[in-house]
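Each of the next two complexes has chain A plus one more chain, namely chain B in the first and chain C in the second.
Up next, the complex of A and B:
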């Protein structure tokens, strides 16, 4: 891994160049009040640098909330099928996301390549460059250090920037990262020898994730699920802002002889999520759905995919209308 | 920090739980950033109850959840808007006052326990409506817009909706066990997230709330994306008042504008 330095003015130039190359750049943008969320930008001036977390995660660059799998048209007994076209997917730079979001592409990829590769997800991710900002502050919902992440964790990043004096420490981590720097070599200077850790947020552990996982293995019938889930309203806010939640629903947008097949986000919190056509629902009550959410992330995924379905971004806790604070719940299991 | 009112409340519900008069208390406790709903069935836990001006979430949303309440007699600590929702739920036969103890706090900081529906209605009429300045500012801004500008505003806002349905989940009046958006034979509303499909959903929600909404704002506060969806039903409530002469307080005990027929109504299609 190579280290470099980039000054604030050079950062502006670098993004301008990426933009002029035709890359779509998504970055945290202020959306009014305290709200910051990803939006397409054309210049570095639009980027928010001082927020703790964006409302939504960056997962939609690879897994959009609604995406067309294919479209079709029937005419005189003939069916014309139009598959998705990877060539039409833009080359995208996600800029300024935090390490917890970049790390989340690992579990997402594990899900989307469990039995077979998901071509759409792969195609989108292949065209995506991840430039993270390490975290210089955290809030009461953050818990990345408890799930083996950290404010300077580089997993999933192609490039990581750490704000230091007069600019940024640049860590170039992957082939994609090297390509992004090489094409714009004049924007980057030699490493100034700054110690990254001096600038990172301090985040104490909130729970012992190994112990949690062990307890979950025998907690299926525990009364704790009922107790914890009492105030859960059964909405999908937590799943929809989560960078690793990957459940989806397939829908048909049909209009007579033509139509589209769509993939849309879904949530295990919804009452209809596992309803069978027979009328039976194996997760009939909210307590079972809440248990499913925690076990899936902290037990089933580690067992089956060797990766945890949570990177400690804390978005589910921030988005929850009734404060289902996940790190607090995990700590009390 | 616990105020004296919260202590009075804790003592009251502890004694009700101990005597067996009630089995469950739905109240507020301190949360991560602000108070959150809590459920108490053991008198020993009553001490964590709080009820102050920060407790604005509408707890009545839990009163129609059978899996939570079962056959219990329940205490609910109700904010001003929650009282409105309770009256509405009573008129729609969704709650039974015999199974419910409704507590609130008076302007002077006293604990009030309601005995009858009329007591609740009288309290609502006499109590000042809590002000929500941000809403007023945005409403005025919307009123000042042309129809095209308003369409643009709502198209832009609602295009962001990702259909997590937190608005629906937080609303005490959204108690259907199967929502219209989940019907797929026929599919009344397109269930995926897209500008048009989102507008469909929110207009449908607003229409279902017409004359029923208690203007508590829970849908808007629940939205993780901060979309002001509560203003849609707020505006419709005002329209109902202008067009049908039924204001929120009048409709609380009677029917509602869209589901009540009066012989003197000018429309004759229903006869």
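Up next, the complex of A and C:
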């Protein structure tokens, strides 16, 4: 792994160049009030550097909230299908996401690659460059260190920037990262020998994830699920802001003879998620849905895919309208 | 990353390896099986695909009504019958109601085959006992015809089929055919009150008729398919008759969307029905939480 330095003015030039190459650049931008979220930018001036966390995660760059799987046209009982072309998807740079979001592409990829490839997901991710910002601050919802992550974790990053004096420490981590730097060599200077850890947020452990996992393996019939989920509204906000939740629905958007088949985010917290057409619902009550959510992330995924479905970003706790806190709940199982 | 906007995937006419893209099928034949229940015989529009396509008994597919969406059904025809596939469905939701409006010659979509299979090779030399309830005969019909078309591989073949009423029995012509065959023992039953004056079959629920049939469990595989309540009451009868969980097979039909183990809908505990199933043994079922 190569280290370099980039000054603030050079960072502006670098992003301008990436932009002029035709890359789509997404970064955290202020959206009004305290809300910061990813948006397409044309200049570094638009980037928010002082927030703790964006409301939404960065997963939609590879797994959009609503995506066209294919479209079709009907004529006199016949159908013409229109497939996608990955070559026409834009080359994208996600800039300024935090390590918890970059790390989340591992579990997402594990889900979308299990048993068969998902070309749409793969095509989007292959064309995406991940430039993370390590975290210099955290809040009470953050718990990345409890799930083997950290404010300076580089998993999933092509390049990681750490704000240091007069600029940024640059860690070039993958072939994609090397390509992004090579094409713009004049923006980067030699490493100044800054120690990254001196600048990172300090985040104490909130629970022992191995112990939690072991307890979950035998907790299926525990009364704790009912107790914990009693105030859960089943609104799905936790899943929609989660960087690793990948459940989706397949829906139709049809107008007359023309239509599109769509893939849309879904949530195992929704009451209708498992409802059969017959009216039978295998998960009738919210306690069963809440249990599925936690067991899927912290027991089933580690066992079946060797990845955990959580990177400790804390968004589910921040977004929950009834203040359900996943790290507290995990700690109390 | 405009989260609130629909992301358009650029389209071309070049075919890519898109696992969500259905094959176009022509409806070759429509059969009205019972009130609200139809069977479609489907043929691939792409000749190369028709040539390449293969499946095994127990597998399912995602069937498209373009304009409404997809619905999940098993492949109801036997892999021994080449050149077409069949699906049988009841009009229950918006997709099945839309499919039901299609006519012979119309186009619909099909993705598959998906899921695991009934291990007919392992069952060679054994007796087969099929137990089905209502609209759950279609997944079993595939295995029944597969077994009957390779009849020399099996010993006694028995079929117990029950429906709410005489009118609700599906595949009525095939039931007559199985009834007339000397190498098949068919028992049909309808729920009390569902019989007609000229009904010659049994009257009663499947589990009690099974107990009355008293089939031998010796060297016998039981294949059970029906609504959850029928499964719940049939398994204890089979155990009483001496069947072991390893010798009982069933196929589960949880809500599915993608069919390829990604969308998350059909999980029962850590078991993904569309990829790990839909065919399970009684022993596998016992290890799963009862969330199906």
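Assume the second predicted complex is superposed on the first by the 329 of 333 C-alpha atoms of A that agree within 3 Å, B and C clash if a C-alpha of one lies under 4 Å from a C-alpha of the other, contacts with A are read in each partner's own complex, and residues count from 1 in each chain.
Note that contacts are C-beta pairs under 8 Å (C-beta built on N, C-alpha and C of every residue); 3 or more make two chains touch, one makes a residue touch a chain.
Nothing here was measured: the structure is a model prediction, and the numbers come from that model.
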item	value
Touched partner set for A:328, first chain B, second chain C, both or neither	first
Chain B versus chain C as contact partner of A:274, first or second or both or neither	second
Which superposed partner A:262 touches (first chain B, second chain C, both, neither)	both
Which of chain B and chain C A:295 touches, first, second, both or neither	second
Between chain B and chain C, more extensive residue contact with chain A	C
Chain B versus chain C as contact partner of A:251, first or second or both or neither	both
Which of chain B and chain C A:58 touches, first, second, both or neither	second
Partner chain in contact with A:115 - chain B first, chain C second, else both or neither	second
Touching partner for A:78 - first (chain B), second (chain C), both, neither	second
Touching partner for A:286 - first (chain B), second (chain C), both, neither	first
Touching both chain C and chain B, counted on chain A across the two superposed complexes	37, 56, 65-66, 249, 251, 262
Chain A-touching residues of chain B, taken from the complex the two chains share	31-34, 36-39, 57, 61-62, 67-68, 162-166, 168-170, 177, 182, 190-194, 218, 221-222, 224-226
Residues of chain A that touch chain C when the two form their complex	26, 37-40, 56, 58, 60-61, 64-72, 74, 77-79, 81-86, 88-89, 94, 111-112, 114-120, 220, 246-252, 254, 259, 261-263, 266, 268, 273-278, 280, 282-283, 288, 292, 295-296, 299-300, 303-304
Chain A partner contacts - residues on chain C that touch it in the complex	1-22, 24, 64, 66-70, 92-93, 96, 103, 105-107, 109, 227-228, 253-255, 257-258, 260-265, 267-270, 275, 289, 291-292
In the complex, chain A residues that touch chain B	31-33, 35, 37, 55-56, 65-66, 140-141, 230-231, 233-237, 239-241, 249, 251, 253, 262, 264-265, 267, 270-272, 285-287, 317-319, 321-323, 325, 328
